[in-house]
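In what comes next, chain A is part of two complexes: it sits with chain B in the first one and with chain C in the second one.
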Partner chain A sequence: MGKYIVKRILLLIPTVLVVCVLTFAMMRMLPGSALDFMVKRLTAAGQNVDVETLRVRLGLDKPAVTQFFIWIGGVMRGDLGNSLFQYESVGGIIARELPVTLELGFLELFWTILFSVPLGLWCAARQDGIPDYTFRVFAIIFMAIPTFLVASVVLVYPAAWWGYAPNIKYAGLFQDFRANMGMFLVPSIIGALAQTGMQLRMVRTCCLETMRTDFVRTAWAKGCGEGRVLVRHVFRNSMIPVVTVIGGSVAGVFGGNVILENLFNIPGVGQQLITALDQRDYTVIQGCVLVMAVIVMLINLIVDICYKWLDPRVELD
Partner chain B sequence: MKKNRKKTGRPFLRDLFKKKPLAAASLIFLLLLFAAAIFADFIAPYPMTDGAMQVDVFSKLQKPYLFMNAAERESARALLAVSGGAPHWLGTDTLGRDVLSYLIYGARTSIILCVSCCVLSTLISVVIGTLSAVLGGWVDLIVQRFVDGWQCIPAMLMLLVIMSMLGNGIPQLIFALSVPSGIGGSRMIRSAAMGVKDAGYNKMSDLMGGTSGWKMLRHVVPNILPIIIVAAAGSLAGVILMESSLSFLGYGVAIGTPSWGYLISNQGKSYMYVAPWLAFAPGAAIALTVFAANMFGDGVRDLLDPRLKGGVGSYDSKKIAKKVARLTGVLPERVPGERFIHTSVKEG
Partner chain C sequence: MDDNIRGDSILEVRHLRTSFFADGSELRAVDDMSYSVRRGEFCAIIGESGSGKSVSALSVMRLISYPPGFIKGGEIIFDGRDLMGVSDKEMQSIRGSEISMIFQEPGTALNPVMTIGAQIAENIRLHEKGVSRAEAEKRAAELLALVDIPNPETRIRDYPHQFSGGMKQRAMIAMAMSCRPKLLFADEPTTALDVTVQAQVLEQMNDMRRRFGTSLVLITHNLGVVARYADSVKIMYGGRIVESGTTDDIFLSPAHPYTMGLIRAVPRLDLPRSHGLYTIRGEPPDMSATPPDCCPFYYRCPYEYERCRTERPADEEASPGHVCACFRRELAAADWKEAGT
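What follows is the complex of A and B.
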């Protein structure tokens, strides 16, 4: 097990390198460089701009390959560089905004699991019953309605009818819990709806498969109660595929939050990324994408380790 | 011979209609949408002229004719008698453009994207997946690290970066949506190809001097075709949702191209309270299409995916009971299905 984890962590290194090269290359392929945007903005503000000095100051005078190695050298020392537009280091921006995105993402996952696992199990236990059909229909509906539509509706109608709107001013989780939840609760539930639809169907299918196995029949025959059979025998043995799907949706949850952050004015990485993309703020985008990718990688690793923990028969190679 | 061929000629479509009525209905819906997209110019009550929707400022933000009461219909008809034209069944937007026509032209955008992304992404994933599996060794290692890295970057971020790299427009969207999903999907194709790589026919092909390309095209791809089709059908729904999300963020189609997601973000969001049809009509169009695509994909998977065939996934206790009864001549009292045992244990 320990050997496997070490091997996986070693395999992360080339993957991180690939991510670095990919993001860097894509940034430099964007039409219009940060320099153009900055010159445009400064001239619009009525300032005299010396393009060449600015180019040297931004470090854009060197060839792209040199720039890449300067950046990657910084990354290895834990320095993601400075934002080209904001007077702040990329590390500082990420340290400020990543917790916001992670909180939204984890809340979303929390609601997804809280809704989908018990309901999926219930649907499987009462296959083709009324709750089964109801929840399955809702699951499919939630999967089909785009998140941004639900979010827009939730933003408009409660505000018009009851004068309610989610907070738009961010407060830290530990500074002001109520204000924080007032901001995150609604978007996280909306984000969780679509995920729940997918997971519920997954949990249901897996549980149905497990319910037809011999050991479940044995459990019934032994005289176990329904609760015990469902939780101890069916549920625990259906967890592997479910964990896989949840692990797979983690990347989507964190990436897909761009829309929710945008609509609910949540100051997370997604918002930052859209602004940075508009300005061609290379270092910020590279830093954000890299950090997000590393987080996704680590979560994937945890999911793989969970396999072994859930099912010791799984061969880790 | 002829008779035999007829029997096995279209088992897939026949099975789809027989066993998966919902998936078949979804297929019909998608085909109708396809037809509407092709013949949009003839179906739409207000067809495009010179590549732009017809604007009519006198009837802007008109309520859907569908939901009008008699008096409102009367006044709407009076207005139409002056301007000429059909009633606005789904209302009009802020420029007086007919929403129904907009949706029909939007279907064109969605269908173009759906079909081309589906084909292109499948092609990409098949090429990467089978190449990686068949060539193996260093190629496999390097390609797989690349795929790993690519997959770790959250999809939405990747799409935003690619779209701002290429600019707005349909060809750009096709590229941006199909390349990432093609690379992501190559995983599944690769593992399927790995499964058939060492099969007897491939070894035989090696012995007879078959090249890697020959093996790929003649042996590996035909043998994993069901999985390829399943993957392609499963990717349909995602394309529509992603396109509308991107258009919603302003990174989608070019301005002027009708798109469901763009209508919601551009007008539906701001006029949600005054003119809810501007958000709900395209929203319903997206939801219905995604629903149909999902159902169709699920149906195709259930019918074609070899991993589900014959396994516990297709277990049907009643059918097995019938089979047992036919074989043994006695009706079994208990069938290995959880409901049976459940009740019998409780009663006993």
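What follows is the complex of A and C.
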């Protein structure tokens, strides 16, 4: 097991390198460079700018390949460089904002699993009953409505009717739990809606499939009651494909958070990324993408390890 | 004959009818089936695929799920009680403790994510309150030893995929017998196994049956197995029993043309290949299309005449204890005797 994990982590290195090369290349291919934006902004502020001096100061005078190796050399030493626009290191920005994004993402996953798994199992157990139809209809609706639409509606109408708005001042989870939840509760539930709809249908389908297997018939023939059949025999076997899908959706969850963070003004990596993209803040973009990529890969590794725990037939090596 | 057998019957099924409903049509899988099994008896139910053998066993255990299946009527008298009348809760306590079942595919009939020991222990703990987990596992190991699994104390921690097909089926037997049931259904338990393992598994099952005094209903289409082990045989066709009697009755003096066809269809190793294989012409009946008031075998039967198409043959005794439902049984029996097969 330990050997397997080490092997998988070593295999991450080439993948991470590819991610680095791709982000770096794509940023340089975008029309408009960081330099242009900075010159424009400074000129608008009425300052005289010497473009060439600025170019040298930003390190953009060297060929792109050299710039890449300077950056990647830093990355290998654990230094993600400094932001071109803010007086802060990229590492500092990420250390401050990554926990925010992770909290939002994991809260979404938490709601998704909390609602989709038991409800999916229940729908399967009472297939074609009224609750089953109701939940399935809602699942489709949740999947069909784009997150930004729900988020906008939730931001506009409660504010107009009751003067309610989610917190916009960030407080750490352990410093002030109520203020923290005041900020994260609503956006995380909105973010979880589409996922919940999708997973509920997935859980239901997998459970229905498992319920028709021979070993479930054996469980009935042994004299198990319905609860026992569902929990001991159907549930765990159905979770094998469900975990795959949930694991695969993690990347989507973090991607989708970029929009939610912006709409709800949550100071996370997503919001940072949007600002940085606008300004072509190369180092920030590269750093954020790199860190997110590593996190998604680590989560996939955890999912693979979960397989082994869920299904004894899986051989990890 | 086995000295295990006592006179009274453990199971008596009367006029059992189970149907499946799909797309507005009714498939009469079990259609007025009656039979009885005596205590300690080894009884075989023989029939082609689709004749309703498995459904009849699942009906007795009330494991037909609705929809699409439904037990339309009949009585299932098990050990003095009508199972059609007992509550779901009571039925649950009967399943696995008084009536057990072994299934056809050992590869899929065991839960892949539970250890063998845990699955056997579950059966014990479901029906015997107050048995600790450790105690149940110990008994699981003893049961595995009874079915000749080597190193049972360590093998109970194995998962089904670590067992071979024959071992899985033996573990199934151990599980089914863990509460010393009065009645055991074995639904084609050896069909999915290698020929070399089949005899072993059957021997084990028979051994466990004698040890615990269980009545066994073996559902199969393997006549060789039946001839070797069974005390009595029931031939099933089109959802009902068309002939029943002792093993000798059925094999030495069959009375129903279908039974004769089955016996003739057994491949023989002692005849030259030029001899060819015997087949019963036609296809098994489509039980959603066959009308109820006829002999379901008529259109495949060499003795068929007018009456077979319009009337359902009633059970008649060919000899004491040997019952056959055929209008032309005397004619068929005479032919059989003459052919001297």
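The rule is simple: the second predicted complex is superposed on the first by the 312 of 317 C-alpha atoms of A that agree within 3 Å, B and C clash if a C-alpha of one lies under 4 Å from a C-alpha of the other, contacts with A are read in each partner's own complex, and residues count from 1 in each chain.
In this text, contacts are C-beta pairs under 8 Å (C-beta built on N, C-alpha and C of every residue); 3 or more make two chains touch, one makes a residue touch a chain.
In this text the structure is predicted, and so the values were computed from the model without any measurement.
Q: Examine A:Met297 and indicate which partner it touches, taking first as chain B and second as chain C; both and neither are also allowed.
A: After superposition on chain A, A:Met297 lies in contact with chain B alone.
Q: Between chain B (first) and chain C (second), which does A:Arg178 come into contact with in this model arrangement: first, second, both, or neither?
A: neither
Q: After lining up the shared chain so the two structures overlap, which partner does A:Asp311 touch, if you call chain B first and chain C second: first, second, both or neither?
A: After superposition on chain A, A:Asp311 lies in contact with chain C alone.
Q: Which holds for A:Val18: it touches chain B only (first), chain C only (second), both, or neither?
A: Once the two structures are laid over each other on A, A:Val18 reaches chain B alone.
Q: A:Arg236 contacts which: chain B (first), chain C (second), both, neither?
A: second
Q: With the two structures laid over each other on chain A, which partner does A:Lys3 touch: chain B (first), chain C (second), both, or neither?
A: In the superposition, A:Lys3 contacts neither chain B nor chain C.
Q: Which of the two, chain B or chain C, is in touch with more residues of chain A?
A: Tallying touched residues of chain A, the top partner is B.
Q: First (chain B), second (chain C), both or neither: which does A:Val289 touch?
A: Touch status of A:Val289: first partner only.
Q: Looking at the overlay, does A:Arg77 come into contact with chain B only (first), chain C only (second), both, or neither?
A: neither
Q: Pick one for A:Trp220: touches chain B only (first), chain C only (second), both, or neither.
A: Both partners, chain B and chain C.
Q: Across the two complexes, find the residues of chain A that touch chain B and also touch chain C.
A: On chain A, the residues that contact chain B in one structure and chain C in the other are 213, 217, 220-221, 223.
Q: Which of the residues in chain C end up touching chain A in this complex?
A: On the chain C side, the touching residues are 61, 63, 92-97, 100-101, 103, 105, 108-114, 122-123, 126-127, 159, 161, 172, 175.
Q: So in the complex, the part of chain B that touches chain A is made up of which residues?
A: Residues of chain B touching chain A: 145-146, 148-158, 160-162, 164-165, 167, 237, 241, 244-245, 248-249, 261, 264-265, 268-269, 272-273, 279, 283, 286-288, 290-291, 294-295, 312-313, 315, 336-339, 341-342, 345.
Q: Please give the residue numbers of chain A that touch chain B in the complex, ascending.
A: 14-19, 22-23, 26-27, 29-31, 127, 140-141, 143-149, 152-153, 156-157, 160, 205, 209, 211-213, 216-217, 220-221, 223, 226, 251-252, 254-259, 262, 270, 273-274, 277-278, 285, 288-289, 292-294, 296-297, 300
Q: With touch defined as at the start, can you tell me which chain A residues reach chain C in the complex?
A: 213-215, 217-225, 228, 232-233, 236-237, 310-313
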